[in-house]
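By written order: A, B, C and D. Residues from 1 in each chain.
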Amino acid sequence: MLDKIGIAKRIAQEVQDGMYINLGIGIPTLVANYIPKSLNVVLQSENGLLGIGPFPTEGHVDPDLINAGKQTITMMPGSSLFSSAESFGMIRGGHVDLTILGAMEVSEAGDIANWKVPGKMVKGMGGAMDLVASAKHIIVAMQHCSKDGASKLLKKCTLPITGLKCVKKIVTDLAVLDVVPGVGFKLLERAPGISVDEIKKATEGKLIVEGEIPEIKF
Amino acid sequence: MINKVVANAEGAVKDIPDNAVLMLGGFGLCGIPENCINALLKKGVKGLTCISNNAGVDDFGIGLLLKSRQVKKMISSYVGENAEFERQLLSGELEVELIPQGTLAERCRAGGAGIPAFFTPAGYGTEVAEGKEVREFDGKKYLMEHWLRADFSIVKAWKGDTSGNLVYRGTARNFNPMMAAAGKITIAEVEELVPVGALDPNNIHTPGIYIQRIFQGKNYEKRIEQKTVSKSA
Amino acid sequence: MLDKIGIAKRIAQEVQDGMYINLGIGIPTLVANYIPKSLNVVLQSENGLLGIGPFPTEGHVDPDLINAGKQTITMMPGSSLFSSAESFGMIRGGHVDLTILGAMEVSEAGDIANWKVPGKMVKGMGGAMDLVASAKHIIVAMQHCSKDGASKLLKKCTLPITGLKCVKKIVTDLAVLDVVPGVGFKLLERAPGISVDEIKKATEGKLIVEGEIPEIKF
Amino acid sequence: MINKVVANAEGAVKDIPDNAVLMLGGFGLCGIPENCINALLKKGVKGLTCISNNAGVDDFGIGLLLKSRQVKKMISSYVGENAEFERQLLSGELEVELIPQGTLAERCRAGGAGIPAFFTPAGYGTEVAEGKEVREFDGKKYLMEHWLRADFSIVKAWKGDTSGNLVYRGTARNFNPMMAAAGKITIAEVEELVPVGALDPNNIHTPGIYIQRIFQGKNYEKRIEQKTVSKSA
């Protein structure tokens, strides 16, 4: 089973040289720490920055420099700053190569729900709907099941939808899966110590298992 | 050049009436018009509709106007981190319209640029799409969204000249440029007011044509919402 | 009768302090020379500049600084530069207070034709259609009649239209007129030495003459 | 940062095929990609559709590609000042689509920003409106216009860094930023190529994300179409 850092590390393996990447809040933010230094990638912050750098050291905090999670950040050399309209133009126009975000549910069609739980306080969708509607490639970082053991990889989402047919790949604490349109969740890799049967049990949506399923390698 | 300077925040907001539709720049607490928010608080204007990506926190930013019950409606993309907000929302005192962040940015941009409607894929298939026209282009579904305009837009810039040309700093730019263009009257508060000619024409973020009033703000707190530091240098 | 400079001078009287103004090619460009120095106005060039200054002196010509007529220009202190999208956003959004342009024909409804003569080479509308569709206030500078004496102030335009019901005021070699929607051309002033009868004869569209019509004063 | 540098114009345009749809930045002869136009001329690629506000003059800019019969179609707002152009147009060798300048700018902007269609008042009631959907908003009539995108966009900037961040100069900015974002592949030629980190992040006009290839051009002529001077200093 993977912890949050494990999920982040495994997603970091998907990153390719030359990519522009938008990282969501939570586990996706951690991915930045595990991207090999040999790769040249640029991280986008949808509030108006290309080139997110590490968090600042204590003396270098700048209130005018935050990420989409409102955390203080720094800029890499070669960064650019722009308005929210330009930023979402970039996202909507398909210029961002990879979007990594969290989810509460994903359906076997690739629908995602991650913005609202009925009955709970609604905080808003922020940029999530724009991101999922336009991203060329979306990887979801999530727990395979809820705390009470219910699967979050479903036939159909039960929570309000953020976007339809958009998720391409999922990395959970149990497995790595592709969403194959019209087919279902295709199991690619097992988390260390997790059996195919355990993943089957934890997946409500249609799970495709073909041949030997290897364990995730780091 | 045309001189747009007013003395201070109180002068800049003095004719904003009850029930006005306002746009307020900023993302989180970054790039928000602190001086004008305080002047609105002091003035006590009521029934405001505030278009702003966020709603501040309990004791800072638009949160202050919520606490004093001056806001009737928020049009935002993300409004967490605010207990008083939640109380008013659940009790029905406050209306909230939630809009995807990119759609909000583009609707403001459309308002300033004279484009009454446009198509975006954000929100298709979700409850955001309810009641909206759906159209397919090149095999993909889009929603028709309308422009947003305001009676008064209130923006915050780093530097500005007396004719209203503005330069923002860092990620404090965010919604400010689009909102500056989408207000019938736009008020800019700046950290540093400079004479005409002091800013490089090639590096103006908001041309002065969009600005009707400008003043140099004071006592900027520039509060940080999530101070996050790394240990290594 | 007014010459081109006379028309430009008379239009300059319409300019008010604090205006942002777009000047078309030809006579409208000349207007800039006659705006009183006491007025603070800003001239917009739709190729991306607010703050057009005088033509440069010989040693200061800059190929990167031209107006919409492709002429070399200078910038006033406090200018700003921007893209064509921003520029027409400004125009479309109604931020420009006054647009002054030439016309081949204007109708009594305020329709304008100024971009195309059938049978002649079509050069394109440039920014004219955007300007007339969006301007808050449009003043047309034109000759009252063509070279063969035909009126250019018509019931209906005969040439392809640039925009409908948009012209507010016309200054010709013979007269100053308002376009009153649903009514016609309202005569405001006569050019020096021109009688009301001469203006009537030269105007095909409906001409409204009320009371004494004063001569243009400079 | 990602390195986008190619050796020269020839390398930058080498895979542009016959019948490609190109966007070329510039207004008049100001801010046009001189080096790439010359490389296209040398390469002899044919059947091009060129989206560009103007079509150059007989012996400079896109006019050179017209003279060598490499252009099938021009999509522009104003195409005067070009005798060869006129000859080809009248003889039917060249197709021309004329678009109001602001609509052209906005259609390019929409292409880059993922907006398939929007409404503009420009051209309502004129022959530009033929076949287009008309819709009324707040009592005013608008036309629906679609995005424009290109197989290759070719832009010219003043300075650029190796990761593709661009800064334009003066009115040479014009259509370049929108076209940069609207190309599947975008090539930027710059007067001065600088290392990553040399440009101020706050004053980037085109973020590098839009640029796939960049090189430092040479021998810029920067021809002036209408040299106009005043006598007094």
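Please note the rule applied: a residue touches a chain if its C-beta (ideal position, glycine included) is under 8 Å from a C-beta of that chain, and two chains touch if they have at least 3 such contacts.
Because the structure is predicted, anything quoted here is derived from the model rather than measured.
K.L.:
Counting contact pairs by residue number and requiring over half to coincide, which of C-D, A-D or B-C is equivalent to A-B?
P.N.:
C-D
K.L.:
From chain B, which chain is the farthest off, judged by mean CA positions?
P.N.:
So the chain farthest away from chain B turns out to be C.
K.L.:
Can you work out the whole-Å distance between the CA centroids of chain C and chain D?
P.N.:
Spacing between the chain centres: roughly 29 Å.
K.L.:
From the C-alpha centre of chain A to that of chain C, how far is it in Å?
P.N.:
55
K.L.:
In angstrom, rounded to a whole number, how far apart do the mean CA points of chain B and chain D lie?
P.N.:
Centres of chain B and chain D (C-alpha means) sit 33 Å apart.
K.L.:
Where the centres are mean C-alpha positions, what is the separation of chain B from chain C, in Å?
P.N.:
Computed value for the inter-centroid distance: 36 Å.
K.L.:
Using the touch definition from the top, which residues of chain D touch two or more other chains?
P.N.:
Touching at least two other chains: 106, 109, 113-115, 120-121, 168-170, 202.
K.L.:
Which parts of chain C, given as residue numbers and ranges, touch two or more other chains?
P.N.:
Touching at least two other chains: 49, 81-82, 85, 88-89, 91-92, 134.
K.L.:
Report the topology of the inter-chain touch graph, choosing from line, ring, star, complete and other.
P.N.:
other
K.L.:
Looking at the whole structure, which two-chain pairs count as touching?
P.N.:
A-B, A-D, B-C, B-D, C-D
K.L.:
Would you pull the chain D residues touching chain C in the complex into a rising list?
P.N.:
Interface residues on chain D, with respect to chain C: 27-31, 53, 76-80, 86, 89-90, 96, 98, 100-106, 108-109, 120-128, 158, 168-178, 205, 222-233.
K.L.:
Using the touch rule from the top, collect the residues of chain D that touch chain B in their complex.
P.N.:
Within the complex, chain D contacts chain B at residues 106, 110, 113-121, 135, 137-138, 140, 142, 146, 167-170, 200, 202-203.
K.L.:
Would you pull the chain A residues touching chain B in the complex into a rising list?
P.N.:
45-49, 54-58, 61-67, 69-73, 81-85, 87-89, 91-92, 111, 121-130, 133-134, 160-164
K.L.:
Quick one: which bits of chain C touch chain B in the complex? Just the residue numbers, please.
P.N.:
Spelled out, the residues of chain C in touch with chain B are 17-18, 20, 40-42, 44, 49-51, 75-82, 85-86, 88-96, 134.
K.L.:
Please give the residue numbers of chain D that touch chain A in the complex, ascending.
P.N.:
On the chain D side, the touching residues are 1-3, 109, 111-115, 161, 163, 165, 181, 196-197, 199, 201-202, 204, 207-210.
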